[in-house]
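Every chain is named by a letter (A, B, C and D) in the order it is written, and numbering of its residues begins at 1.
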Amino acid sequence: MEQLGVALVGVGTLGKRHAENVRWRIPEAKLIAVADADAKRAAQVAADLRIPHCYEDLGSVLEREDVRAVAIAAPSKFHAKVIEEAALQGKHIFCEKPLALSLGDADKALAVVAKAGVQLQIGFMRRYDPAYVAAQQQIEAGEIGDPVIFKSVARDQQPPPLSFFQGGVNGSIFSDAAIHDLDLARWMMKDEVTGIHSYAGVLACPELAPLGDVDATLVNLRFSRGGIGNIEAFRKSTYGYDIRTEVLGTKGAVHVGHLRQTAFDVLNKDGIRHDAVNHWLVRFADAYLEEMRDFVRNVLADKPVRVTGQDGRRALIAALAAEQSFRESRPVEIRQEAGPASALHV
Amino acid sequence: MEQLGVALVGVGTLGKRHAENVRWRIPEAKLIAVADADAKRAAQVAADLRIPHCYEDLGSVLEREDVRAVAIAAPSKFHAKVIEEAALQGKHIFCEKPLALSLGDADKALAVVAKAGVQLQIGFMRRYDPAYVAAQQQIEAGEIGDPVIFKSVARDQQPPPLSFFQGGVNGSIFSDAAIHDLDLARWMMKDEVTGIHSYAGVLACPELAPLGDVDATLVNLRFSRGGIGNIEAFRKSTYGYDIRTEVLGTKGAVHVGHLRQTAFDVLNKDGIRHDAVNHWLVRFADAYLEEMRDFVRNVLADKPVRVTGQDGRRALIAALAAEQSFRESRPVEIRQEAGPASALHV
Amino acid sequence: MEQLGVALVGVGTLGKRHAENVRWRIPEAKLIAVADADAKRAAQVAADLRIPHCYEDLGSVLEREDVRAVAIAAPSKFHAKVIEEAALQGKHIFCEKPLALSLGDADKALAVVAKAGVQLQIGFMRRYDPAYVAAQQQIEAGEIGDPVIFKSVARDQQPPPLSFFQGGVNGSIFSDAAIHDLDLARWMMKDEVTGIHSYAGVLACPELAPLGDVDATLVNLRFSRGGIGNIEAFRKSTYGYDIRTEVLGTKGAVHVGHLRQTAFDVLNKDGIRHDAVNHWLVRFADAYLEEMRDFVRNVLADKPVRVTGQDGRRALIAALAAEQSFRESRPVEIRQEAGPASALHV
Amino acid sequence: MEQLGVALVGVGTLGKRHAENVRWRIPEAKLIAVADADAKRAAQVAADLRIPHCYEDLGSVLEREDVRAVAIAAPSKFHAKVIEEAALQGKHIFCEKPLALSLGDADKALAVVAKAGVQLQIGFMRRYDPAYVAAQQQIEAGEIGDPVIFKSVARDQQPPPLSFFQGGVNGSIFSDAAIHDLDLARWMMKDEVTGIHSYAGVLACPELAPLGDVDATLVNLRFSRGGIGNIEAFRKSTYGYDIRTEVLGTKGAVHVGHLRQTAFDVLNKDGIRHDAVNHWLVRFADAYLEEMRDFVRNVLADKPVRVTGQDGRRALIAALAAEQSFRESRPVEIRQEAGPASALHV
């Protein structure tokens, strides 16, 4: 069996999970190296997972000829730059969302990727979640008629640690969190977002206020064919990690998401109680594995990957528009012409 | 519109509900009188519901010519006797379960009813509950193939007051509680019970031990065509009034029952919590109304009632067999010949 | 027992339900008369419910001295006018939502009511639904901390008949449907709406397009203390009548609504299937009864009613703003000053 | 890190899963060899999982010094014999349920194990399932008071292939299927079964009749301290793999099991539909991994394993009693004295 040599760039919480998946659960891939700006963390992960090589600098990873693909889970701010460098070295690329934090960076990276002729997949893992996949199959089978309303909720049980928000390296609630739902909106509605309006605020995490970020937003959407939608992102629901999506069509609806983790209830005089999903690594464990497996297989088979750089770019445009709407207190229109420069028409 | 003149005999908790239903919610019926051995209670209910007449003795009620039907909700011990007297006066009869507390009493009452040519409906209200009706329709439509396994759970949140158990006027957990499930077993399996084995005990209500009753039983069933079943009755589940039934067939299953009363959840760091149904008058409010409405309509239309004295007798036989199995620590066989004397073969 | 003499004005589907409740289920009230512009309908309802009087014209009803209160379920366009006339005759008033279709009409009616010194309750029945009541109690008990996000969904299984939309007598999706959720938003968030943005369209009922109405809207909300919200109204979900509300707080959340009508599941190789609530008269049967009972009791006790004309006015302002936002493609700000003229600042 | 050398004996469906878990997911273990009477199957699994050695005969495996523990997933009939041989070679043993198919075989194997001083864990994996673990923690924390009623349902979606039932190598529905629930009964009730009554039959899989097995049973239980219980095993529920357990106590209850696999619903005019768990490898994926990990860790740490040979023996006694009850149409009493000979008192 041919194996795809992979290097992991960035091994924080999610990067380590990707590393574990490549190392243990995808026989078609061989995890050759991990790299992290934090050399100690890279070494630790390499030791834990028994990976042969670890690096502090990107260059050394990209020099290796046995590394044919890189998976990027560095902070969002560095995504575009790492993509560019990897593409210049002819590596295929799996990159966590978002593609970039600005449209300029995104377009520059995509141009380099295009020129290098390498593959680029964006980590919108929900497209690989069994529940979303099942829902999408129903839509494609015509079970709900034409999809006309898209609703999505994305609630973290607790916000990431404060360090996550500092320095702006991970984007805003729009480009970091709601971007998943904006991608789902395009994918499940089979349409593009053309109008966006958002309200937002610091409602439950006052520690975010000094950092200029918000912890809650409601994003109203209008699609090119007339459909409408709404996305909620909230950083602190306290009761669980709650991801739910509904798509309503002219003949029915699909719902994704279920407020339960463990198949167990306690019943007493105070009522009936169960738990909720508590973490994204639990909720999307299968999805993180499946997206990487699919990337590896498509690269090996020289087939196009399923979630492309253009998908990453479209979702980024919508996320930036949602943030702009909030900042400027007005709806933002998005033009859908071909050219990148005109994409965000404000 | 012709109205059926009805008298209510016994106006405790359930009798009063029947009275309210006849008084307010069944236009085809006219509630003429209530009777109760407790004259004060009869007077109070008559006042509350604005019913013209109330009596302490049965005879005065039965003398009234405008009373064409009686609904009996007196203690179980008196059911058979009241049925007899009412039948002798030519009244049509709706009687709460059980038909009687002994097979001898049951057969005597049925003989009088047969001779008088009046109608007799037994209050197995679950047959009128929308969920049970829907389940039965699925079974009859062949959706589950042949029904082969019957499972039922009947849990009171709290036992009735101690006075309910005193004097043996309300039967045992078998003839008072499990008898509902024994009737459902016959109805939903379209078969007769031929073998019974039960374990039972005082598990949660030690105050019942001196009275010779038990608060929990598990009754294993075998049906004439080979199907099997199990019924649980429990007097004190604490978390709610929990009635659930499953019928498994060769091609699928139906489940009846749902552990929720109010459409509302609280979600916090301790989990997700909702309430449970808390009382049989809540769970079966529709069923109590529908059974009475159906009785009234069938009597007025001179059509046979849907839950007959024979149904009451068959369920009683099974309940007595379940109790005997517990008392004698052995399975009990039930013969299904025509004659009453041979019905319970021990 | 003193009884409140009530007349019902408008006995379409909902008016008839109110009439049944007053007639049969509220002993403190006496239903004296029904009136309807459709004389035949009035006569039919009077006959069905055995109500002594029926009228074609409002004046004859209001002349009756034994009628101390009127319940109005006429088309929305006539609400304000009927309120005025009833108030001028000194009748207490229960009026279906919306209070009026324009702010001018609303203010004129409220002025007459204030001058007449009669009570006016608006039919926001969800405030009386057991699930909403339970949720609100949790909020008031501090179980979710400070409420910060309000989400609500209101989906009809099928739209009302086309005649409902003709002539504009019943308002738009904003003033007819979303107004319930706008009232809940104020009630559950304990705050006022200050900003509104909506997208809307004809998505599933093309027959509405020629009438100038829409069948779907998503309304983004901002509250005075910083909270945010979103309301969906949709006329044709096909799978059921789906009303769900979530309020998220700093310490937890409450959810109202549950996608099930009958406590029964069918399980076979195609999956597990249950039904959904199919009609608003089913979902809110208790609420319609409780709101009327509460109105009657408060009027008899000379206590203030719980859902006031001002509540009706505030919800109307928000509904009009939502419609304006859609028509003008921009967010609309709502001023909260005392005076009526400045309430809607556009 | 010290690693425990493990060999897998029997690599059918479940054996292969154990092999995968040891190979990929338990860093403290090293999978040295697989063995299977079907040499081709052994070779295939070794190749798939990149395991260094594979054997057709048990002796060669047990000779290896680097193999310190064996995991047995051969047909049930051979469990006791393989345990004996492995124990004689000083290997620690993980063995799938049941311990044996006869009490004589079980006692003989346990005697050899005791003499050899090796560890023996029985594969009652449900004790490691997160939902059962959570339920048990609630019981141990006193949340339900004293457990008094045990209910369990175990339904296969479809029966195993006919070959599974042929030759009697896998025991009956009692020793193969219901034995899991009998183990749970002891574990969750913290008590021993002293009385058993069962009804059983061939209800949905007529192809089993010629083989002398049944496809459905309901087993009534009585415990030594007075508690009661019932277990259902059914080979063909068609709608899913349905494992549910309830334990009722004097102050509340716990329920384990949830009829849903994928977090996704389809809603249309026919109702609301979701899927069910379809396979035991899906439902208990975590449990199979956790039990093996726990075995490996305890062996390495020289600590006693958590599910012992005595647990296997007690469950077997109950399973044999249940079968005897069915065969002889009478309840069977189980003595709980120390000695093995008297355990099953018939």
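Following the convention adopted for this analysis, contacts are C-beta pairs under 8 Å (C-beta built on N, C-alpha and C of every residue); 3 or more make two chains touch, one makes a residue touch a chain.
Just so you know, these numbers come straight off a predicted model, no measurement behind them.
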Touching both chain A and chain D (chains): B, C
Comparison of B-C and B-D by number of C-beta pairs in contact, larger one: B-D
Label of the chain whose CA centroid is most distant from the centroid of chain C: D
Separation of chain A from chain B, taking each centre as the mean of its C-alpha atoms, in whole Å: 57
Euclidean distance of C-alpha centroids - chain B vs chain D, Å: 41
Multi-chain contact sites of chain B, meaning residues that touch two or more partners: 237-239, 251-253, 260, 265, 267-269, 275
Residues on chain D engaged by chain B in the complex (per definition of touch): 148-149, 151, 153, 155, 195, 197-204, 216-218, 220-222, 226-230, 232, 234, 236-239, 248, 250-253, 329-331
Sites on chain A touched by chain B in the complex: 237-240, 259-260, 265, 267-276
Residues of chain D that touch chain A when the two form their complex: 24-25, 130-132, 134-135, 138, 143-144, 251-258, 260, 262-269, 275
